Amino acid sequence: MPGHAPEPLGVAVIGAGYWGPNLVRNFQGSASFRLRWLCDLDVARARKVLGGYSTVEATDDYARVLADPDVAAVAIATPAATHKPLALAALEAGKHVLIEKPLAATYADGKILVEQAERRGLTLMCDHTYCYTPAVTKIRELIHEGALGELHFFDSVRINLGLVQRDVDVLWDLAPHDLSILDSVLPEGVQPEAVAAHGADPIGAGRACVAYLTLRLTGGAIAHVHVNWLSPTKVRTTMIGGSKRTLVWDDLNPAQRVAVFDRGVDLAGAAEIGAEARREMQVSYRSGDMTAPALVEREALGAMVEEYATAIRTGRRPLTDGRAGLRVLDVLEAASRSLEFQGAVVGLKGWETAK
Amino acid sequence: MPGHAPEPLGVAVIGAGYWGPNLVRNFQGSASFRLRWLCDLDVARARKVLGGYSTVEATDDYARVLADPDVAAVAIATPAATHKPLALAALEAGKHVLIEKPLAATYADGKILVEQAERRGLTLMCDHTYCYTPAVTKIRELIHEGALGELHFFDSVRINLGLVQRDVDVLWDLAPHDLSILDSVLPEGVQPEAVAAHGADPIGAGRACVAYLTLRLTGGAIAHVHVNWLSPTKVRTTMIGGSKRTLVWDDLNPAQRVAVFDRGVDLAGAAEIGAEARREMQVSYRSGDMTAPALVEREALGAMVEEYATAIRTGRRPLTDGRAGLRVLDVLEAASRSLEFQGAVVGLKGWETAK
Amino acid sequence: MPGHAPEPLGVAVIGAGYWGPNLVRNFQGSASFRLRWLCDLDVARARKVLGGYSTVEATDDYARVLADPDVAAVAIATPAATHKPLALAALEAGKHVLIEKPLAATYADGKILVEQAERRGLTLMCDHTYCYTPAVTKIRELIHEGALGELHFFDSVRINLGLVQRDVDVLWDLAPHDLSILDSVLPEGVQPEAVAAHGADPIGAGRACVAYLTLRLTGGAIAHVHVNWLSPTKVRTTMIGGSKRTLVWDDLNPAQRVAVFDRGVDLAGAAEIGAEARREMQVSYRSGDMTAPALVEREALGAMVEEYATAIRTGRRPLTDGRAGLRVLDVLEAASRSLEFQGAVVGLKGWETAK
Amino acid sequence: MPGHAPEPLGVAVIGAGYWGPNLVRNFQGSASFRLRWLCDLDVARARKVLGGYSTVEATDDYARVLADPDVAAVAIATPAATHKPLALAALEAGKHVLIEKPLAATYADGKILVEQAERRGLTLMCDHTYCYTPAVTKIRELIHEGALGELHFFDSVRINLGLVQRDVDVLWDLAPHDLSILDSVLPEGVQPEAVAAHGADPIGAGRACVAYLTLRLTGGAIAHVHVNWLSPTKVRTTMIGGSKRTLVWDDLNPAQRVAVFDRGVDLAGAAEIGAEARREMQVSYRSGDMTAPALVEREALGAMVEEYATAIRTGRRPLTDGRAGLRVLDVLEAASRSLEFQGAVVGLKGWETAK
């Protein structure tokens, strides 16, 4: 029957804390899903999130949710430590699983989830929301079509007066955003190879509140991430430099989120000359126009929810699948080790989690 | 005779390249100096800098300048490799010496200059121009009067489409600014102890074009400097976080260069409890006003020139004396070593160059 | 019973177009109200606004809504031409009435509503949403406590690529925001006395798409409003100058919405000297700090909804009562007459609608 | 002799006040001129401007300057009231004349100067400096090549904490900039036809400190200028809307002075339908990219000085000739009359001063 819309997929949101309500709102707004449950250990909190006008059921009984044959998919927005058992139970019950970042508390846990999902042919997706913003979508497009040329550097700053978390440091709290964005926009064949991390806990919180990550990428490019809970101002800026153009994404400038600069440095004849000669190089500068491409207005979370639906229905991998979540965990774990060892460079597993 | 202005000090500028013309203009604009010579190997260039209406003499004969008894002081703005011989000759001729940053090409060279100047009782000053801006003057004041509380972090970004230099990498080209600012504002008893540096040369220039420095400071604070020649946009922003307040200096925002935020994170009773208890801490957030203090309008270079005059006349150390230049060289050399060793942490000499 | 929360007030939203959904969301989020109906001539549209999970009833039968004894209050968000009949019917049915701006299509219509509501002792409120923003609340506070001194000028710019409306020009579409803000912050005893308006319809839309209003205020101050549907960039900036301080409200700068400048011009002894002498005046300039006061985070519409509840329960006038709506209509009508007569100055009724 | 540079033109600067030093600096920096005199009633002030290292002569004897056969041209930067007599004397002495804006204190005075210069075949030029900025040059180019389409609106804001002048109001002080820019960029066949001005003197300075000008342009477009001495923040923004594109020039944003937006409102079939039908129009919106064209870096005053040289040497009219100065005076006088009559619309002479 052409044009016939498929039945909406029954879905349950697990966790009514910070992120859960956003998932509830977006599943309710999607024609692809029918939200059936909001599940939280604290059922009163779940009820409060649903509000006084909702027909959705609140529960604290996860088993009941998993037993509901009308539930095809779950979305887990609970603390990271609980991701593995909750997701595993869902996969074992034959449900598709979406997990708030990070995929799991450890790489090893995440790997078990990826393997389970692949074995059972279920969708496992990580809610790397930023990857679904119009800005990152445009950036990925620009990089993949070669508009920036060869990648030179990636520099991301994500700082603000943030909630000092009890269970994770600033690295695990904020850097997953930057690392998932990096993962999502890197061109074919370029990946992080090693990471060094420096951090500080100047307020005595017991965990790093300021951290700097440096990643060595294939081919000599460099990536750097600055995350900070102590900044009184909010900055969310990513600069991606290439051999042809460089772009700046300022997520707090809605009038001009992405700016592409036709400015840069060229080495004349750098290709055909030797390294020695290059040192005596002829450098020239391009100082061209800047273009801020028009972006479609769209809520990232809504697009993520639709990607989840499409992945479930078609069986294809979602943009931010479990493996993407695993690649992010790989960097986070290596960065944590580097932090412990005062910034020592730590290699990545990389290849194991190839796209 | 009270109120009688002293005779202006005879001065010669050495080097008519990039920076020399600025020194020429500022010495000419100062009542404390009488500019007598502009000296450059390329005397035509020196003449061009002076222009067609000047009574100042151009020369390529440094010996003649040093032999002029009316010259009490020189200002050296030549490539770093020539700083040592030129400055040494001047000191030996009994002249006071001002040197464009960096003080010298190496710490060892710089040390020789400092020792010579001290032995002879001559003023040796490093032209760390930024330290004389109204912004840095205000920041130093705020930190020293305790307005920020205990120092938590210092984060400086200095990036733009910069001239790829033939003789130095981006670290030696740009970081001296940030390091001299850091040196000039640090409170008593706080100093860098070690540095790690990461860099990249993605364009194949033969030297780092992007670099990140992380400095460990006394007492657990962290400093970080990002310098980059490949950025299509210019950023000059320094954030200095403290236990009471945090300030942001945006040098490209003339309407609001320095902003002091009464926002931050407090740990309740953090002082009197143990580390274990702290992990179960009560965190609270201040979300107060922001104040942008009025700054006097003043050209930094003019203020630097007056500081040079005062130091010469009174014999007191200038704000950015040779030792300040040496402390900056110490960090630069350590950072270069760290770059060579892939970001290994390198300790500083620190104590040798105590203020 | 102390501490016992009162029963929520039954409320119905009339109009499911552009603004209605915002009212629906805010009434649902308020403990002071119980949303009973969403009424629209197009009941399918009303159903769509409520979504697939709501227990609220959709209807196209306004009479049924007014007949519902559980409905104590209505909120009207329909085209301006329908405000009078819909509001009048509601008042006659004994319901409290909230109306989206403007209060009515004409001053005469608005006056009838105000009179009806006053006669019946019912709350009549105009949804001048901006007056409930944290920014305007702070501005009103600053002006009323004298922080700005005597009012000198008020300059408001509200421009963006706006929907060219079929039924109203840019003046009636956008200026109600600026005029209601002006009305809400003016100090006691200062009011607009006359208005001149200039406009243009360069795209041939049949109504002004660009307009400038100049208002003469009591005591020689001036107010100016720039509204424009054709600007490719969005600007929402209001500057309010006073004898002591001047503030700038930039509604698109969430990090610093309100900035209070201790900068200005002083005339020495201006008070005690004659006009002639003043021309030979001694002018001095203050160039002090700028302070950006911390603002509470709060959705304006939520605060407006609570003000509606409080006004209903206590019988006191709401901040933006019908008379405020009438004062705005007075200026809009005079401005329209001025537009017709090429910018002729038109006096206001002012006094009739005294606060 | 091809390539032989012509002899530099002897020039004298008259007036060593606020603007004179800038002219001195730029004439000294130009190979086209040889600065011979700086003339001021206060010869000590002239000497101070020249500084202690100059070979240029200072004088208070204007007759001596005019009698100097080596002086081919003068540049007058004195109070407006003196422009006519000083310029007339120079023209009568056969000198070319450049005058700081405004051309003269009155339209009648200016006209005399224009007639004299034309009769004698001498260059008369008005120093409308902004017209020589890279930004205005680019804007003129974009408008003249049709990139904006038909002109819809011109909106210029020039506000800051300005010096309250003794002899002129804010209109005559600041608006000449905006009006000369408008004059310089208007496409062929479009000119101001009438002006209305509103002002206020809230500080009791004896003259308007805040003013708003509205100009009706040929074909239904509108221009508006906001000038204000009382604003604590500096704004220098001009928006120029057209049927195809709209540009925003923010002179205080060096990183992006000119932005061209491919965004706007289109009326479908507006051309071929009647006015009545248009009211039922189909409106559509373009929401395309923004481009910030690269601008050459150049000091406007230097370019103005070269234009003066070229006009003198070739006999062609300079870009901002006396007639341009006259057109600006026409609007200023009409605006002053409008201010007196509370904003009444005042027609312009326009045609008399056709380009």
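Labels for the chains are A, B, C and D, by order of writing; each one numbers its residues from 1.
One rule holds in what follows: a contact is a pair of C-beta atoms (placed from the backbone, for glycine too) under 8 Å apart; a residue touches a chain by one contact, two chains touch by 3 or more.
By chain, UniProt protein names: A, B, C, D = Gfo/Idh/MocA family oxidoreductase.
Here the structure is a predicted model, which means the values were calculated and not measured.
A.B. asks: Which chain's mean C-alpha position is the greatest distance from subunit C's?
C.D. replies: Relative to subunit C, the chain whose C-alpha centre sits farthest away is B.
A.B. asks: Would you indicate which option in A-C, B-C or A-B repeats the interface seen between B-D, with over half of the contact pairs matching by residue number?
C.D. replies: A-C
A.B. asks: Roughly how far is subunit A from subunit C, centre to centre by C-alpha average, rounded to an integer in Å?
C.D. replies: Centres of subunit A and subunit C (C-alpha means) sit 41 Å apart.
A.B. asks: Between subunit A and subunit D, what distance separates the C-alpha centroids? Give it in angstrom.
C.D. replies: That gives a centre separation of 52 Å.
A.B. asks: Touching two or more other chains, which residues of subunit B qualify?
C.D. replies: 233, 263, 287, 290
A.B. asks: Which residues of subunit B touch subunit A once you look at their complex with the stated criterion?
C.D. replies: Result: residues 150-153, 155, 161, 163-164, 166, 196, 198-207, 209-210, 212, 214, 220-222, 224, 226, 228-233, 239, 241, 243, 246, 248, 259, 261, 263-265, 267, 270, 275, 278-281, 283, 285, 287, 290, 342-345 of subunit B touch subunit A.
A.B. asks: Could you pull out which subunit D residues touch subunit B in their complex?
C.D. replies: That would be residues 28-29, 34-35, 51-56, 233-234, 252, 254-255 of subunit D.
A.B. asks: Show me the residue ranges of subunit B that touch subunit C in the complex, using the header's touch definition.
C.D. replies: Listed in rising order, the residues of subunit B that touch subunit C are 256, 262-263, 287-294.
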